[in-house]
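Some structures to go through are shown next.
There are two complexes below, and they share chain A, which is joined by chain B in the first and by chain C in the second.
Let's look at the complex of A and B:
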């Protein structure tokens, strides 16, 4: 009798253990399916709808798609978005890598490491939009940068191309997103075993060779993760572009906002799908280089 | 070795410059928030130092042509939304991460489905959701359509934090408790929860701050009642005034307060953990 009930208990437990995780998954997966997948599919579907001046109806057509690819403005926005993305990605890497190298590898004390990382994160405690706006008094004709450069006698006339240009947008984005590059790289670098570097030195490797053959390859997963973060955020941007360019530089995101504002739903959906495809290609390419799940 | 010393100094100097670049705009903003008002604009030179714009933000400045920021209502909406998002996404994140402790078929698919939520740019998700709302005649509100998207955005962060916590979790403690006859519920309360509590706090902090500052998703789905980021975005199209800078400084101070609470709770939980571990013996007995 006791044996029997023990058996049943064991049965019940194994049943629970075998299937409990499915119950735990249901709410999360349902939420994502309803509020993430459905909206994205809807966007693809609506991009083939017929757009009239103020409404859309569900007759399928490729007219919005034809308009997108035949319009200089819209196709130009696609190219501009890609150009800004590449520029920002390049500069976040160029600025971020040395900083990550210093924090992750050269600073030995854990405390100072943490302090420096926290110092990088503190600006995030200010609202994103206010951080963007803070660049206006920096870059303007009478802005801080021009004032300082003039005081130092480096320039005699204020530089006017600093604000309300594509340059301003790039500067702003690099400052806002560079930390997402520093973090993952510093993390990977701090995991490098010090004895590995000693071994390299013992067999006579020059510092630069050690960097090229050991340090850089080991930090690559961090670079990839950082690049994914920066890419996703830059490609979906519109606020920085509109605030720092005075609405002159239009990325795909800006066009989506304008189109939704004028109730051109089908057209906005087309641009949304184009943007999704661009991002999907870039992320897939980057994920080829690193397995995100294993790096966690 | 000589090279390395040089490299160290070069990198240290570079990092210092980098921090100046990172903080520059913020310092300038802080200085300009003390611009004279209401005539002083958001640029140099400072006409006269004053706290006019701070008074303007909290609504005690004399009336002027510059419209006050809708701090009261918008701020309460933002905080409510962030709080609700924090609760829901932390629960979802913990549940999903708990499920990932057992290996199961399709775990890769679920992992990427969840992570997709933080990867898809807000502008796309906002657009998709407003299309759905438009099609099915659902009203767009900050507490409905915007809220569900906020959770889509913050749930993956909570999930990843909890996954990392569970990865380092020694489940033999849990098994020991169960083997000693402590009920699963009590085991969760007394053993599992205290261990994962720091993780839960981090997940909550992530979710709260991300949702509080969330903007592209809310822009499309928030409806007519604006949240704080939307109110700030509204000022983009018109002239900006130093009251935004004063507000920026104030919100940053608020964030620091929040972070201090988090740090204190973390410290407390570390202390409680060491105290609690003695209490479980009575349960087992």
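Let's look at the complex of A and C:
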């Protein structure tokens, strides 16, 4: 063996070693390219195609975009989607945070923490659609809620606003998605060292001050992650909205479903692009709010 | 100023501390020595109000604060793990107690900053105020933690092994600085430690805690010179403790027979300081000399500790007998393992303890019951 060939061998090995780990990415990148990047680009492209009643041509036009923003139905759906998203986000936080606070901070045994978190997930043992539809016999005019309230004499007439309204959609979504808020927050809270809270108490802070200045700020990354989960799922929702509103409340997702159903691909693509942009903006904003890289 | 009366606390039926009573005086540095598991931290947590005692009362400046919540007590507790708020800067950490005080928060930002800077100066951290607490070293975290507590002007400050996590160099510097800081502020400190050098060196008085009980409270020099019991002598970690029995003015132990003073007729423990012993060649000590006691032992090992050397000798029954020699007085000698030497000490340096562990006093008085 000459020195030269030794060198070359070493080089070859190091070349392989230097780049071999990129091969690990091949399956993932292929998958993402084929089923995410290409369809996304395709969606943007198709949104500029010409749509006639029964056919679609690839001549480029902005007609579908103009229709979306000038139509009260469609632009209204965007506003409604954002409104429902904000309402659901608010209530999942309002209901989820105390639960997470209890599980993450006041339950000190890891076993019981796990048991309680699993208990939160029990509804997920049934299918999504069943969970949604189960709200109908609860909220209907002769549903469980109305019956119980009438029997107790709290109301004399059934509350009709409970089902087939936006309220029903919000109630359903909050129940379904609240657990995605509880999980991440409980996780962050359980990581807070108890000695921090003792230290705060010891230097004279009232319990509520300790919550406001120590516990809550330290749980914010969990709130952000929870909010991202809930946002992504609610913004793309259509099943809950259609099942609990009797198709009266149309979110962007519902419109996509209808448009695809009537073969209006170009228009469905426009809404798809709008929805993607909205979600992207919201997630970016949430990530700006809390620096997850630093906190996690 | 602070008075503990008959404190007791048990966890799951096991007594963590029991019958603990002592006073803390104004402007005093009190050290509390105890091995791990002796209930040191439990005791501090009870004083700070982070746990409730099962029995006993705690009185601060004449007021019974046994059931008072922590944040109203005004007792500072510097935790072993610093417990700095990770999402705040050094300044925010230190000013937390000022801004968020339960009854008299300071709202004036200038005043907060002034007090904060003043405290940073005292603990020697000027210029680090705007660092995040993740960007400073362990020793600096220790100081921030101390400053955060002291800036609230506590009536009493509890320190849980404050030097435990520091390296030797820093430890020595902090030893001096802690005393200086305390003198500057005039706040009483209770400093808990498992290190006997720290407890002896830093305290105005020291408490020795053993299995949850206070076994001696005394000024360190007096405690060191005359431990009240065998247990204290053990905790101080500077004594050779031989256990045996006394017959006819001599202490019988393994194969050895050592002369024992007449007053200690019932001594069960023969205790001699490791720094009181001299190492000589076999035969060079006159065994008949009246005030000198000696025996022969086999050299095992030596531990060089910078300014001193600790030699270990094995006695006939296998027990290790330690001898500490200061290098300021002599140069270290290399002995061969297994070499037999004659160890000698003055009879006056011997302490005798009764079978219940109590010190037998020279005034023919026996402490405790026999």
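Going forward, the second predicted complex is superposed on the first by the 272 of 296 C-alpha atoms of A that agree within 3 Å, B and C clash if a C-alpha of one lies under 4 Å from a C-alpha of the other, contacts with A are read in each partner's own complex, and residues count from 1 in each chain.
FYI, a residue touches a chain if its C-beta (ideal position, glycine included) is under 8 Å from a C-beta of that chain, and two chains touch if they have at least 3 such contacts.
The model shown is predicted, which means the values in this text are computed figures rather than measured ones.
Engineer: Clash or fit: what happens to chain B and chain C when chain A is overlaid?
Structural biologist: They fit side by side.
Engineer: Could you look at A:60 and tell me whether it touches chain B, chain C, both or neither (first, second, both, neither)?
Structural biologist: After superposition on chain A, A:60 lies in contact with neither partner.
Engineer: Tell me which partner A:283 touches in the superposition: chain B (first), chain C (second), both or neither.
Structural biologist: After superposing on A, A:283 lies in contact with chain B but is clear of chain C.
Engineer: What angle, rounded to a multiple of 10°, is defined by the Cα centres of chain B, chain A and chain C, with the middle one as vertex?
Structural biologist: Computed from the C-alpha centres, it is 90 degrees.
Engineer: Please indicate which partner A:126 is in contact with in the superposed arrangement: first for chain B, second for chain C, both, or neither.
Structural biologist: A:126: touches chain B, not chain C.
Engineer: Give the label of whichever partner, chain B or chain C, reaches more residues of chain A.
Structural biologist: B
Engineer: In the overlaid three-chain picture, which partner chain does A:27 touch, first (chain B) or second (chain C), both, or neither?
Structural biologist: Touch status of A:27: first partner only.
Engineer: Check the superposed model and tell me the shortest C-alpha distance between chain B and chain C, rounded to whole Å.
Structural biologist: 6
Engineer: Do any residues of chain A touch both chain B and chain C, and if so, which are they?
Structural biologist: Touching chain B in the first complex and chain C in the second, residues 206-207 of chain A appear in both lists.
Engineer: Can you name the residues of chain A that touch chain C in the complex?
Structural biologist: Interface residues on the chain A side: 193, 195-196, 198-207, 209, 213-214, 217-218.
Engineer: So in the complex, which bits of chain A are touching chain B?
Structural biologist: Of all residues in chain A, those touching chain B are 17, 20-22, 24-25, 27-29, 31-43, 46, 95, 98-99, 101-103, 106, 116, 119-120, 123-131, 133-138, 140, 142-144, 147, 175, 178-179, 206-207, 228, 232-233, 235-239, 242-243, 253, 256-257, 260, 265, 268-269, 272, 275-276, 279, 283, 292-293, 296.
Engineer: For chain B, which residues count as touching chain A in their complex?
Structural biologist: Those in contact with chain A are residues 3-4, 7-8, 11-12, 14-15, 18-19, 21-26, 28-29, 32, 42-44, 92-93, 95-96, 98-102, 104, 108, 110-111, 113-117, 119-125, 127-132, 134-135, 148-149, 151-152, 155, 159-160, 163-164, 167, 209, 213, 215-216, 219-220, 228-229, 232-233, 236, 240, 244-245, 247-248, 251-252, 255-256, 259.
Engineer: Which residues of chain C touch chain A once you look at their complex with the stated criterion?
Structural biologist: Spelled out, the residues of chain C in touch with chain A are 48, 50, 69-71, 74-77, 79, 81, 83-87, 96-97, 100-102, 145, 148-149, 152.
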